[in-house]
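One structure is given below, encoded as structure tokens.
The first chain written gets the first letter, and so on, giving A, B, C and D; residue counts start at 1 in each chain.
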Amino acid sequence: QAYAEFARNRDRLVAARAEVATCAISGAVGTFANIDPRVEAHVAAKMGLTVEPISTQVIPRDRHAMFFGVLAVIASSVERLAVEIRHLQRTEVLEAEEYFAPGQKGSSAMPHKRNPVLTENLTGLARMVRAYAQPAFENVALWHERDISHSSVERMIGPDATITLDFMLARLTGVVDKLLIYPDRMGRNLDRMGGLVHSQRVLLALTQAGVSREDAYRLVQRNAMKVWELDGALSLLDLLQADPEVSAKLDDDALAELFDLGYHYKHVDTIFDRVFGGNL
Amino acid sequence: QAYAEFARNRDRLVAARAEVATCAISGAVGTFANIDPRVEAHVAAKMGLTVEPISTQVIPRDRHAMFFGVLAVIASSVERLAVEIRHLQRTEVLEAEEYFAPGQKGSSAMPHKRNPVLTENLTGLARMVRAYAQPAFENVALWHERDISHSSVERMIGPDATITLDFMLARLTGVVDKLLIYPDRMGRNLDRMGGLVHSQRVLLALTQAGVSREDAYRLVQRNAMKVWELDGALSLLDLLQADPEVSAKLDDDALAELFDLGYHYKHVDTIFDRVFGGNL
Amino acid sequence: QAYAEFARNRDRLVAARAEVATCAISGAVGTFANIDPRVEAHVAAKMGLTVEPISTQVIPRDRHAMFFGVLAVIASSVERLAVEIRHLQRTEVLEAEEYFAPGQKGSSAMPHKRNPVLTENLTGLARMVRAYAQPAFENVALWHERDISHSSVERMIGPDATITLDFMLARLTGVVDKLLIYPDRMGRNLDRMGGLVHSQRVLLALTQAGVSREDAYRLVQRNAMKVWELDGALSLLDLLQADPEVSAKLDDDALAELFDLGYHYKHVDTIFDRVFGGNL
Amino acid sequence: QAYAEFARNRDRLVAARAEVATCAISGAVGTFANIDPRVEAHVAAKMGLTVEPISTQVIPRDRHAMFFGVLAVIASSVERLAVEIRHLQRTEVLEAEEYFAPGQKGSSAMPHKRNPVLTENLTGLARMVRAYAQPAFENVALWHERDISHSSVERMIGPDATITLDFMLARLTGVVDKLLIYPDRMGRNLDRMGGLVHSQRVLLALTQAGVSREDAYRLVQRNAMKVWELDGALSLLDLLQADPEVSAKLDDDALAELFDLGYHYKHVDTIFDRVFGGNL
């Protein structure tokens, strides 16, 4: 999903960059009184910019607002991935982990700790890049089609937003490149839930075996809740097989088959193809 | 300029609308385990939506963040025009005015007042639509690629942002349609400044007559400042013609010619053509 | 009004500063396991801080959120004053002006211009300080009562918000200290409106003379609108005195008396006393 | 900690409420021209409001900005607690859980699910109340000490921010009142980490036994890392007792004593007393 999301973000950034890459050399009130429009066209071409169709003393700031708005969206996408990694790294989950060099200190006071410091950092920085969009939006409504109140803002958010986001993208790339991934642990976490993840499929199978949806829901739920109460001592499959109302409709083999994870993989290729096309 | 700006805004809105018009029917974890991808494709086609290439339980929220970000930019463009009209309507300027029906009350306490109530209202509403972008940005980083924290936000900003902006665009259209414009007053305001608006052209003419830029600046400025001090009792042209250092370089006719407003209109057709193309 | 507003702001800042001036030396999870609470109390006293009643690894961030929220309010108050000065300085109003040194350049291209550059700058900077409040609010909800996502934010907004606001307050003080004020122009601007500012008093006098409020409004409004139409060629007083329906109720002297500005000054001392108390 | 935080929030709200509870009846430009200040004082007293020391046509909006800023802080505190509960409820942690009535449906498609729907909802609503502070800050800089752009904003955020926060506080109270807490699971989660939480105390004990801080850190870390690698098959205590470099400094009993959780409880009464005072 992140790949598709960042592909969208790349398109947005390219569009926003094109929006702000305009050139205005039209004089102090935009009338070309003392300078010919051909000068503007010539300079724009030389610098790889588009001619601003109509300017005042300044290029209209809706373009810049859009640009910083796009940076805010991209930063939020970085945060989404960072938050995901922070969750996967928490002690009780530990399905993935930021790279940790042997001998590296995770915490000055606690020798056992390995905090997701990079993704926590990215989470905070995303708040900053988001915040910079607000003054960029406020910059649009200049007085008399010009005033210089936008100038102090852009001198700050121009470097701050772009440098911060650049740093974020570089750091995120590093985190993903070196991410430690623990597939065994993923499997065990799924198991620890006693097969609860398959509850929906059981629900559907019961309805196809003639049970009303309401009854099917009640049957699955009462067994699922027992898994919670027993903290995984018995699995959902065990409990369902032992429940006479359930086994009257689905025998042991039929139930066991419903707990096959492979069932979820059958369309993986379709999804990969949709997202990556030929780029894998 | 507003025409070009709102043309850009229209393009942005079309793009953002397309971004959010996607369809996901991929099951509770996005694996198509219990439903074939062809069902999704069929429904999407029937509803005029695009298939979401990869979804989890929810459609990724960067799409919605972009949509509300675009609404914030458009609202800021509305504010720019509203602020311009508020300036033009102030008593001492009065170059344009919101329509005021005969007999309408401008203020309950002050019978003489005609406040720009509609554009002041638009200014406030722009603050609201801008504010709604912030929670939309924060919505991107859902936990575990799904949680429902975005739901309460979207139930509020979904209607609030779109209805408010729709109202703003309708109100702005009405204001512009019925706007009272006072070209005479515009001319008089330009005159009231004693011809100061032509100072740049005098500066350039002096340099072309062989005066250094620094000296030319000083010469024009010292006369321009006198116009301020005398509050327009003498015009800049009068003062320049009476300044021996200036008249040694440019005679009375040459100076008078520099005060021709027509000079600024020569490229109007070019600019109109750039902005409106064949759409006028 | 600004005096009263900044007195409030001073109180808010003192309160917010006290809120963040707390000290936590309670160990990595806040249990004082390896350090006695008396150490914390001793250090806090030495450093002029308050003891944090309960901390985790970090001091709770609602304190800092409040602090940056107060900075945002103060910056908005600075903007209010800056916007007022920008309005007063516009060419058609010119009731006040930022100090402009003899020989100073107001604009590189236009020798006659004297833009309110300092207050335009303050307007932009206010947008920045306001924006910094948003990530400070987001910092409150740390994970597990600690994570370090707030750290990157505070390393940026800590210096950026405080230094920017400090610069703003210093610059505003300079602008106000050296502000050029033109009372004559203020008088002339009031006159230019043909005495319209007294319309409310005429309205009240007519009602006291037995005219219904609705009729009184209509009578004053129809004359006030003529002042606008004639662009001040006749004053409101002239027109009212010539309106038979009005003069039937109020004779020329009675009307003239209603146009005395002094009427508005009678409670000035009361207001000054309320705001400044003994501090003038 | 939440108790202390919400006590602070209560104080902030009381202060902010007092700030906005002012009364201005001073005429359309605040000069008391047509109304005596005693009328204002009388009405204010009757309505339990404070007299606004100096007003224009409107009460200054820095007061309202502060009020909505405080609401944003309080909403962020609600979010902090909501995020904490969401973490505690996740399947792999499950130390606490929102109340779930027998037979209640947790998810329409998945009978086994018990999502923290109320706290996810609170998280989203906090984004809204935070967002409403921004237009309240922008409202401060009205033009000419009055314009009505703040009016449309306040008609929206007035009810929206207060009603949303009121709902949040009521919902949070309900969640906390009925929260299911699982102390056994908390103990097991601590154990599952193989006693790693005591690493800091071992570090300090080693340094007090004469080991340099750097060496002590290395010794503890190398054993702690093994706990991770073995996924808790051996505890930190087991490994430390088997590490000759460690056991040379601290014997088995000394090490075992360092793993006593009770050590962290010794100042609990002090902390409770600081936070609750006599209010327990």
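For this structure, a couple of remarks:
Convention: a residue touches a chain if its C-beta (ideal position, glycine included) is under 8 Å from a C-beta of that chain, and two chains touch if they have at least 3 such contacts.
Just so it is clear, the model here is predicted, and its values are computed rather than measured.
Common neighbours of subunit C and subunit D (chains touching each): A, B. Rounded to the nearest 5, the angle that brings the Cα atoms of subunit B onto subunit D is 180°. For the pairs A-D and A-B, the count of C-beta pairs in contact is higher at A-B. Compared with subunit D, the chain whose C-alpha mean position is the greatest distance off is B. Chain geometry summary: the mean Cα position of subunit B and that of subunit D are 40 Å apart. Per-chain Cα centroids separate subunit A from subunit D by 25 Å. The geometric centre of subunit A is 32 Å away from that of subunit B, both derived from CA atoms. Residues of subunit B in contact with at least two other chains: 28, 109-110, 123, 130, 134, 138, 143, 200.
Those residues of subunit C that touch subunit B in the shared complex are 90-93, 103, 105, 109-114, 134, 138, 185, 189, 192-193, 196-197, 199-200, 202-203, 217-218, 220-221, 224-225, 227-228, 231, 236.
The part of subunit C that touches subunit A in the complex is made up of residues 28, 86, 107, 109-110, 115, 117, 120-121, 123-125, 127-128, 130-132, 134-135, 138-139, 143, 147-153, 156-157, 160, 164.
Within the complex formed with subunit D, the subunit C residues making contact are 1, 4-5, 8-9, 12, 15, 19, 28-34, 36-37, 51, 53-56, 60, 62-63, 65-66, 69-70, 72-73, 76-77, 79-80, 82-84, 87, 123, 126, 130, 133-134, 137-138, 140-145, 200-201, 204, 263-268, 270-271, 274-275.
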